[in-house]
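Same chain, two partners: chain A is paired with chain B first, then with chain C.
Right, the complex of A and B next:
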């Protein structure tokens, strides 16, 4: 059976869901397909905007500062492209770029209020939340459950890292050691950091536990009281003022649990940022899906865009394939938000890279064709290096309206807009800019698609 | 020894080595397992892990990266792989769409062939029934009793009695599935009433036989292929153009087999047939003509074999049909697409696991305030009904086919 829509969004991570929500809120009939979950669900659940400039080793203090620099030094960066639209006066380029990003991030924060992943922080400054390794990272917004309060400013603060017996994904003693060394080097509080282990037993056994079992268990009534009871002795022993937990405080009740635990223990309780696939990432994914469907968008889970029909420079329809059915969907505009290597928007083999839905030609971070590069040449031998892996900067080159362009710089189709990790020219793991670029490009791609749809209908 | 001789020699040693070569249609499944990036996202979504914990059921990731790669006879995996309900949630959330529900069947097939002693006894009982009767359930001994049971159901539900039709060259083969053929006979009768109401040119099978899904799920690949072959012969002989079923598991299995074995007749769920062939207009007309029914508040359960093994769009059809019904109010349950626990033959040998899985659905259902649950699958209906009853809930369960048939006016 065929379907029709105003807008089809391909991909259901941060970029696709934001694009879809904006279109649906505008009253457009919006269908979003998703073949599987992707990098957003994997993420730590904090929203990075820009933490480091490319090739710089010192973190920047605010997204605004980072965007000022990016907009001048890297005009093709996904944050920068909108500033170089013909319609923008040359004096307003930087302002346009900063304002658009701020608008998108503010929109996101406002929309996630009241969901399972409420956010805090703002565009004016980066925060430095603590990770499960005991390190800190610059990020723009965090989930409210990750708020560590005044642990890094209060002179007499005492931090306890809390591990859980049988939960191997978090080692509280290593985290405490790393964090304390870092604080000593920085001569800032807390000056006392400890670690303790408690028992949380979702199925009555203190071994072989996963994050999701712990999080679901803590969503149940009575479990937080038990936990608080176990913590009391540890807190008194060390005079702890702050408690750091791995990110398992709950799925639906995480924030309520944090507050309750704080009331019961008289400390500040917070979640550390965790490895993929983390529970806060799952909460963020759920929250984004909630705002999309609430806005009236239709999700088609388990469907992959496998082919398309294009007439001249207009994409007419795509075919969505489920395990045993195919659906043709006609639409006036399309947003391509399929991600990069995890999401599957860009795929590579020994011959080179290609974009997987429309077979577009990706480019490298230097904007040379990546269709015939050998992927191994675009990787660094050091797995973790300050310059990162160049292959992470490959993707589609887009025009100021986020339409993928051919090698002549002209858009491939008038009604196809790209958003998120499928776009070239940024390296999220080095810059700490992943979800911020996804949110901002999803926001802009949707605005441009809406404008196009209004012109043609 | 030349290359061919070497190949033949190695082939002759396979049996002794307990290695079964993959069938060509299994290769795609095996290859998809290689795409697993070992991330563990699936664990967060698996309904069996949620119900019994990772220690009891090691989860989809462990199937992809450990259990499907253990020694040829896969003996070490037996206590875990039989707990997968085959719901397909892991494949749907997986960014690489690793085909875990299907590799489970491949692993089970290896155990079945080389270590039948490790196959749960409950499954072996079903195997014997299938071998003897070509049906997943013991058939009624007394035909008259079966008819009496059917007539009682028809009377209780207010459904018309339509005589069975078997003829060649009909447009549609109506295939009720084992559950509706032998147990939930009201579903079979309701579907006939619907097809009859819309003047569909349909036939039944002369002698009903199983679609092969239960055999596939227990790992009895040989019987599965035999049943599939048998059914193809029947379909070909009848010369039908389409196959329509009311069972979710039959829908995905028949859809698969009709492509794999080139039946030349695609298979649909009745919901798809109603929407795509009959159309909303005729449906709406018919449903409006019903004598004013009492208002009813329902919730819907999505069968895994429709949403995750066929297409989510099928349940959109179900909701759209319910919206056409005067007096029917639908409240969505937050667990509407959670596995009922009845899949993967788990309930045949580990009913405590199956019944733990369904608890989430029951809790969410009570919160909707609905007085009835409808679902387009007789197996989900049975699993949900018995667990709601056991929990003391007042929520009744109807197969959606019955619910629709009850709301069609009298023909004429």
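Right, the complex of A and C next:
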């Protein structure tokens, strides 16, 4: 079977879905291929823009300021590249970079309003939401269900971590201890932190409960009332003003549930940032898919881009394979948003790394060829450290228009644009920049692709 | 609180030290075991767990006889932690078969007592039917059977049994000095308690130095001397049982290497390199990994497609034979009575030995200890079973009774035998503890709680040794923080200690993951970084984390 489109997006995580939505909203005929899992759905569902500058130990209080610094110090960072387009005056580089990022983040927030993953926060200041470990992290936007209100500022706030019997992904007592110690060191509220466990039994068994089961269960009528009933005594006993839940408050009704629980208990209720399987990550993934299809984009799930046809410096078509069929799609431009190792955009063995669809040669975080590196040599001895694992900064090198380049710095094709974690030069885990880079690069890659398509048609 | 006077202090909680402590305690001696880290934290924890017939040592007929006998004893006292593995040695050309033929007879001499068939040749078709991944051009293969034991559980059960017989077992206690009188007699042992930070001392009549590859260092701190030959061995570990049967083959340098299904994983090993490094810092090198893969590729061409999850490295404390390759060094052991060479009186050291012979070694040294103490008590370690070996376990009935999956119960049985009922009893009062914490293995919460209460772990890494926590394909990515919470609850740890436990365990897993990282492990590591750094923000944590020996330098 053969198809035609203006734009083909390969990859259905944050980067690909944003790129696709922008193009579809522009009226382009857009097809998006998604092979399988995406890091986006594993994420905590909060949108990091920049939390730490590379190799710095103090968190950045404002993403905007962080980007000013980043664009001067790291011109090759995926946030920075657009500033170095020869069409931009040299005095405007930094401003362009900051403005573009802000534009993309503002766009994202506006578009996710009314979906299952509505966002809050802004580009001017980072927030410090609490995680299921009881730690905090700097991030730019959180889902509204994660809004902890004034728990960290109100002098008399009393926080209760709420666990669920038989749900091992969250242990309220260790989270409470860890968080309280952090607050004491910081000499800020809340000064009283407790923990309690409630029973939520989707299948009548108090063990082996999963996040998905719990979130689905709480989407049903009447379940929040039950929960509120169980919580009442605990709240009274400690005078709790705020309740922290693992991120399972619902899939479709999470925000409604939060509000309802707040009304019923007279407290501020919020979700912590959690680990995969992450319900907020899945909500974000679904919300992005919703806005893409609503904009008129076509999504082919379970389709893997496996080969391509290229004439001179133009990619003509892509072939996608699904369990029972193979299709060829002709298009004017292509966005490669296949992610890194989890998404599957970059793969490697003991002989080196390679990009998986076009067989492009990835580079390391400092832009040396990664085609023949032994992965273990691109790692740090320390497992978890501010330096991170250099192997996680490997990916494609792109030009200011987000086109992957050869080792001579010239674009590999005029109409192939890359976005998201497939790009090299940043380590999202330590910078806290994952979904922000994906969103911004997806946004810019789409703009450039649109421009190219308009030129040729 | 530790008593202050002992008949014997055993240094080292590996297979040798725990066996010695058990034997001494069973013979009624006042026994203290001091281990600087955890039980089975060093060499024994990196071995393949083969309690072999001694096939590789056929030039040492006495060794073969001892090994065979020990296999019989192990099957009597510890059958719940033992599995029989069939093995094929595929032959690619006739020279393979001709080069040594004596092994068939040597192996077959003791087959009856071990309850295995005699060694036999299989046709290529029969071999490939058993293991379809074998090279299609093999000309024949040799079939035989060996037994394997869980080395961690073995050491732990020996330690627990020693404790049941009155011994004191102290982990995280490092021997740093000795009290020696004018007559050059050892009177006391001084050790550093790594948990409390205190230095402690005890009086003792005798010291058994079972410190494995550190035995010479212990001797040195007694101002004595012990020559030793240290030899590094590495394994590559695969995510599951990738072969139906164990495979052995000759590597490019003529050494035998093997691929053994082991618990839920498969071990490819091993290398042998003389070493002078601190054993704590050693990791597998790229060369060792390639040596093993390329050698196994000759008979299993698709081995590289299998998922490698980590490497594992240990140091053999060999007898110091010079001018011979490692494989010709005796696998027998020596007991050095330092008083006989004008050394310190009361100090007895081990050299050499194997996991399979640890009980035998312990018997020999305890005989000597008893003789020195003027006691005449017979050894019974080969007769009395280790805890859990008392009876058969009906997994199917237990699964119905407690509503826990058969698979989880079977894995629990392989660790605990009849003692597993203690775990299951906990779930009566706490049904929520039926929750699976480590899904790879799998392990339920009740077993983790029981282990913390009764098996004296201090860290997640100690739990790994007791339960195989975090040893599967995800290498603890998902269970680290869950198990850390339980440990923290049970031990009443502070929040910072909880975070340190997570960092420690990630560090320990990373030690082995890093060297062989490729394929799916790249995505696995992105996930781990995403969880613990990106979301948990632990890379920026200011807790007091002690850098591990293998993390120092760049």
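Here is the rule we use: the second predicted complex is superposed on the first by the 457 of 457 C-alpha atoms of A that agree within 3 Å, B and C clash if a C-alpha of one lies under 4 Å from a C-alpha of the other, contacts with A are read in each partner's own complex, and residues count from 1 in each chain.
Here is the rule we go by: contacts are C-beta pairs under 8 Å (C-beta built on N, C-alpha and C of every residue); 3 or more make two chains touch, one makes a residue touch a chain.
The structure presented is a predicted model; accordingly, all values stated were derived computationally and were not measured.
Student: Looking at the combined model built on chain A, do chain B and chain C fit side by side or clash?
Tutor: clash
Student: Report for A:327: first if it touches chain B alone, second if chain C alone, otherwise both or neither.
Tutor: The answer is first: A:327 touches chain B but not chain C.
Student: May I ask you to decide whether A:173 touches chain B, chain C, both, or neither, giving the answer as first, second, both or neither?
Tutor: Touch partner of A:173: chain C, not chain B.
Student: Please work out whether A:131 is in contact with chain B alone, chain C alone, both, or neither, and reply first, second, both or neither.
Tutor: In the superposition, A:131 contacts chain C only.
Student: Of the two partners chain B and chain C, which one touches more residues belonging to chain A?
Tutor: Touched residues of chain A are more numerous for C.
Student: Give one of first, second, both or neither to describe whether A:42 is in contact with chain B, with chain C, with both, or with none.
Tutor: Touch partners of A:42: chain B and chain C.
Student: Touching A:181 in the superposition: chain B (first), chain C (second), both, neither?
Tutor: second
Student: Can A:276 be said to touch chain B (first), chain C (second), both, or neither?
Tutor: The answer is both, since A:276 touches chain B and chain C.
Student: What is the contact status of A:110 with respect to chain B (first) and chain C (second): first, second, both, or neither?
Tutor: A:110 sits against neither chain B nor chain C.
Student: Go through the superposed model and pick first if A:348 touches only chain B, second if only chain C, both, or neither.
Tutor: second
Student: Touching A:389 in the superposition: chain B (first), chain C (second), both, neither?
Tutor: A:389 sits against chain C, while chain B stays out of touch.
Student: Given 3-11, 129-137 or 165-173, which part of chain B has C-alpha atoms clashing with chain C after the fit on chain A?
Tutor: After superposing on chain A, the clashing stretch of chain B is 3-11.
Student: Common interface residues of chain A with chain B and chain C?
Tutor: 42, 205, 207-209, 276, 342, 344
Student: Where on chain B does chain A make contact in their complex?
Tutor: 37, 39-41, 43-44, 49-50, 52-56, 59, 88, 91-97, 252, 255-256, 272, 275-276, 307-314
Student: In the complex, go through chain A and note every residue touching chain C.
Tutor: Within the complex, chain A touches chain C at residues 39, 42-44, 48, 52, 57, 59, 131-137, 165-169, 171, 173-174, 177-182, 205-209, 273-276, 340-342, 344, 346-350, 374-376, 379, 381-386, 388-389, 391-392, 428-430, 432, 434.
Student: Touching chain A in the complex: which residues of chain C?
Tutor: 286, 289-290, 304, 431-437, 445, 478, 481-482, 484-486, 488-489, 494-496, 498-499, 502-503, 506-507, 509-510, 514-519, 522-523, 525-541, 547, 550-554
Student: Inside the complex, what are the residues of chain A that reach chain B?
Tutor: Residues 1, 3, 35-38, 41-42, 202-203, 205, 207-213, 216, 276-277, 279, 282, 300-304, 322-325, 327, 339, 342-344.
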